[in-house]
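Each of the next two complexes has chain A plus one other chain: chain B in the first, chain C in the second.
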Partner chain A sequence: MSLNDLFKQELKVVNLGLKSFHNDLKSQGVTVVQVNWKPKAGGKKNMLNLLSKLNKVKQS
Partner chain B sequence: MIDIIETANKEALEIIQNGQPTLIGLGIAGEVIPGMAKDLFLHAGPPITWEKMSGPLKGGVMAGLMYEGLASTPEEAAEYAASGKLRFDPCHHHDAVGPMAGIVTSRMPVWIIENKAYGNRAYCTLNEGLGKVLRMGAYGPEVIKHLQWMERVLYPVLKETIEIHGPIDLKIMIAQAVQMGDEVHNRNKAATSLLIREIAPSILKTSFSNEDKIAVLEFLNSNDHTFLNLSMPAAKATLEPAGKVKHSTIVYTMARNGTEFGIRVAGLGKRWFTAPAEIIDGLYFPGFSMEDANPDVGDSCITETLGIGGFSMATAPAIVQFVGGTPKDAVRYTTSMYEITTEESRAYKLPPMNFRGSPTGIDIRKVIETQVLPVINTGIAHKEAGVGQVGAGIVHPPMACFEQALEAFVNLLEDEGLLED
Partner chain C sequence: MTLHTSIKRNAYYDSVTLMLLSRELQKLEGVEDVLVGMGTDLNLDLAKDLGLASGEFDTLTPNDLFIAAKIDEAQISMKQVEDAFIEQLNKSAESDGDEDYQPPSLRSAVQALPGANMVLVSVPGQFAAAEVEEALDAGLHVMLFSDNVSVEDELRLKQKAVEKGLLMMGPDCGTAIINGKPLCFANAVRRGRIGVVGASGTGTQEVTVQVHKLGEGLSQVIGTGGRDLKEQIGGLMMIQGFESLIADPETDLIVLISKPPAPLVAEKIYQIAKTSPKPVVIDFIGGDRAAIEAVGAIPCISLEDAAQKAVKALHGEAFDDFTGFSLPEDYINCIVDTSVAKLKSDQTELRALFTGGTLADEAMKVLGVHHEIYSNIPLSPEMAIENLPGGRGHICLDLGEDQFTRGRPHPMIDPQTRTEFFESHVDEKTAVILVDVVLGFGSYLDPAGAVADSVREIRQRLSKQGKDVVVIASVCGTDLDSQDLNKSIESLEAAGIIVLPSNAQAVRLTDRVLQRIKKGA
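Coming up: the complex of A and B.
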């Protein structure tokens, strides 16, 4: 199926990321689900660094 | 092979799951709380000085001074509190917890809870009811008069009642209440009813006058929050032994003093990690708005630390009429708390979640990784001393508390040489 054929059908969208994309589609009557997703540790480098250090903790 | 953190967290969770909080009696704070003294006032949340206290805490301290007979007017009380003659310490440093301002003075009657599995005890004052009350920072003559009635009538009747009845298993009572529409933080209607049903015959058997017995039963029945001051020390008694497990990333204390929010993590001992307390998003009583609100205050989020309260809101859909939102939101709150916890309670089963156990054992790593903050439902005190409650709502701890704790935890493991290069 080509991409154009896809858009001729009823769209059912799963949106990750900016909620405004979800809101825009919803306002046009598109069936859309917003996934409550955030990058790990909110993308904060210092926190990602601390979490990665804990992956190297010694075994008991 | 699993790492030392997983081993430690398993041990901490086993302690929490095995806790047996039991009401064993009542006593006077100055006689039963460790380290309590006439010149020492306990307060909610992490440590704080008089100068940095918010309105509700200052109001509670002033009420406490007048109740203790150390001051006769609010002005005298404020002067006394600022004079340096009075010491302040968190309830949590003395095996105690206090709702809202959480002020405990030496004359106050307290419930005594024992964790039968580990032998430790926790203490909490008796709930004063709603309206103008010390815990919300009110200090008028009616507040002091009511505290005196609690000491003169309520306390001796309840003390003798529990002596006649014998110990009451609070774990079972809470487990029943969460199946009856309570989350035992801001909704305690079922739990209070269960308590009254349990102790009413023993109240009748006490040696006091019918007038006193009737007054006690009427007061308990008029106050849905009677059980809050039992669910809180029950949670405290359950969590406290887990706070001694080395290398565990499980949170065993969350508390607010109205200025700062503080957490304590098992593997980091008694150290507090604090940040400015948040303003609460909620429903305000007529005539009040967010402008009037004090930042988050009270030790009552010890219930959420255990996985009840806001963590179990799904089981208490009626509470949304008090704190805002919809029953669907309540389910969403509980569902999201499984993201940041380690186990499901073996005791507290939630019917609307298909009898899943309540989300138990907040892991600081999960909070940082998912950026999902613990959800707390709470009363809102007016920011000025002397006014009282102005609403109720939903609030979260500041993320900074968890970020500081994670950093301290990694530093500790590095110092101990427990991280591979």
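Coming up: the complex of A and C.
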């Protein structure tokens, strides 16, 4: 979707992180979904690197 | 005092929630020091620096929550600290009042929200790039609030965004208004025909607020993140935003805001401005005026000036640099006279305590012309705050910089940091206190009230020595903000604070008062 198409659409937001941003958007009537986010692979660096490599292989 | 640690595995909470909880726990009787956080490298380093780390910390992952507390066991047990934590956490969840389904990943969220078009990312920096990449790959626009994202990741992600025609605002992007909806830290302003692309958060907020006050409105406000106009990134997002506003039929005039860009990047932007069919106002705070004029764009001397020129140019009216005040000159002279008259002869120093980074930059540029200002954002290295001779001299601080926000929320979210600086940095030698009060989404619920309380406390303290102090403020906010501009001004004025209608004017008045003190009242 190009940037100028975005300007013509209703804003629909996925929020990853601070819950207060979700609440502010909701209070303005913006359609927003809060992700129950947690660091992938328990946040362990070696596992994250491995995941990222796997994703790249998948994409190629 | 004994050190205790409590660990909860696989329990993730966001950093602002935990920082605010830490502060509540700190108030408990018998708690000397406490830190609540996720086991990220940043938090583990902070716990070590505070002397709150224990052997168990080696086993923590960023997905584990820890409570580390130094307590007096005669007064409180660790169990009571943990119970207080749970109680506060429940309170915070209740105030959210939100029972909506929360999908566990970006992918599942996109499935749950058909037509999703924007992803707002504020997770810890080390995890942010992967999430942004996934969003861009799914064809979604991104606002990346997180900091601590590498320049390499920023470049790669922005290149991908440009290739796909998407926004990738950030990292460390605090402000945007897309389709009239404020994102993160932004003010409630009316919609209109002026489009903004800004690399400076509170600079962008100040311009949008001033445009609103002048009766005009904003079409789109696009943030880029502070590094966008550095040579490594090449202004990718400012150019993308600029071109999209040129193509946007709802935008009739474009304002660009940034600190001075790298020369090569500035040149690229000037070339687009040169061929823009719409008027372009450029505030590269302290940037090259001649170069801006050479391409037919409109240069500015302050954020307020940018807003004024934008509105006048939009209306086809003539404009000059706005170097003065909204109030008549003799009224301003009267304010300076009465302000200086209430000071004693040994009160000569400035304490400028800012929560907004760009507002502090703007103050430094103006005040640095006539005065030697020590700062954490100094105009020259020898004026760094560390070089302040014997603690005496003019001080201007950007309290939102990393050195003041380790382990605590940004001072726009929580006024505690500035409250502490009012206590520690304002004394019997202080003549003038200069502050910003930033309203809007994301900001504290009553920043003006917090400043007013601190000023009352300062006045009470100084009155014991038969002294008073001059306090000058500006409010970056509108009548539509939940904190309400007019209520905020009333609350400041009730505490004897002089409120000017813009940061530029508040800084100018401060300059006048300091010059008068220097000359001798």
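FYI, the second predicted complex is superposed on the first by the 32 of 60 C-alpha atoms of A that agree within 3 Å, B and C clash if a C-alpha of one lies under 4 Å from a C-alpha of the other, contacts with A are read in each partner's own complex, and residues count from 1 in each chain.
Just so we're on the same page, a residue touches a chain if its C-beta (ideal position, glycine included) is under 8 Å from a C-beta of that chain, and two chains touch if they have at least 3 such contacts.
Bear in mind that the values here come from a model prediction, so they are computed numbers and not experimental data.
S.K.: A:L50 contacts which: chain B (first), chain C (second), both, neither?
M.R.: The answer is first: A:L50 touches chain B but not chain C.
S.K.: Which of the two partners, first being chain B and second being chain C, lies in contact with A:K38: first, second, both, or neither?
M.R.: Both partners, chain B and chain C.
S.K.: Under the stated touch criterion, name the partner, chain B or chain C, that contacts more residues in chain A.
M.R.: Ranking chain B and chain C by residues of chain A touched puts C first.
S.K.: Check the residue A:N4 against both partner chains and state whether it touches chain B (first), chain C (second), both, or neither.
M.R.: The answer is second: A:N4 touches chain C but not chain B.
S.K.: Per the contact definition in the header, classify A:K19: touching chain B only (first), chain C only (second), both, or neither.
M.R.: second
S.K.: Once the two structures are superposed, pull the chain A residues common to the chain B and chain C interfaces.
M.R.: Chain A residues touching both partners: 38, 40, 42, 59.
S.K.: Could you pull out which chain A residues touch chain B in their complex?
M.R.: Touch residues, chain A against chain B: 38, 40-42, 46-47, 50-51, 53-54, 56-60.
S.K.: Any idea which chain A residues touch chain C in the complex?
M.R.: Contacts found on chain A: 1-4, 6-7, 9-26, 28, 30-31, 33-40, 42-44, 48, 52, 59.
S.K.: Touching residues of chain C toward chain A in the complex: what are they?
M.R.: For this pair, the touching residues of chain C are 10, 12, 14-17, 39-40, 61-63, 96, 98, 100, 102-106, 108-110, 112-113, 115-124, 127, 130-131, 135, 137, 139-141, 145-146, 165-167, 178-179, 181-184, 219-220, 240-241, 244, 247-248, 250, 441-442.
S.K.: For the complex, give me every residue of chain B touching chain A.
M.R.: Residue positions touching the partner: 1-7, 365, 368-371, 403, 406-407, 409-410, 413-414, 418-421.
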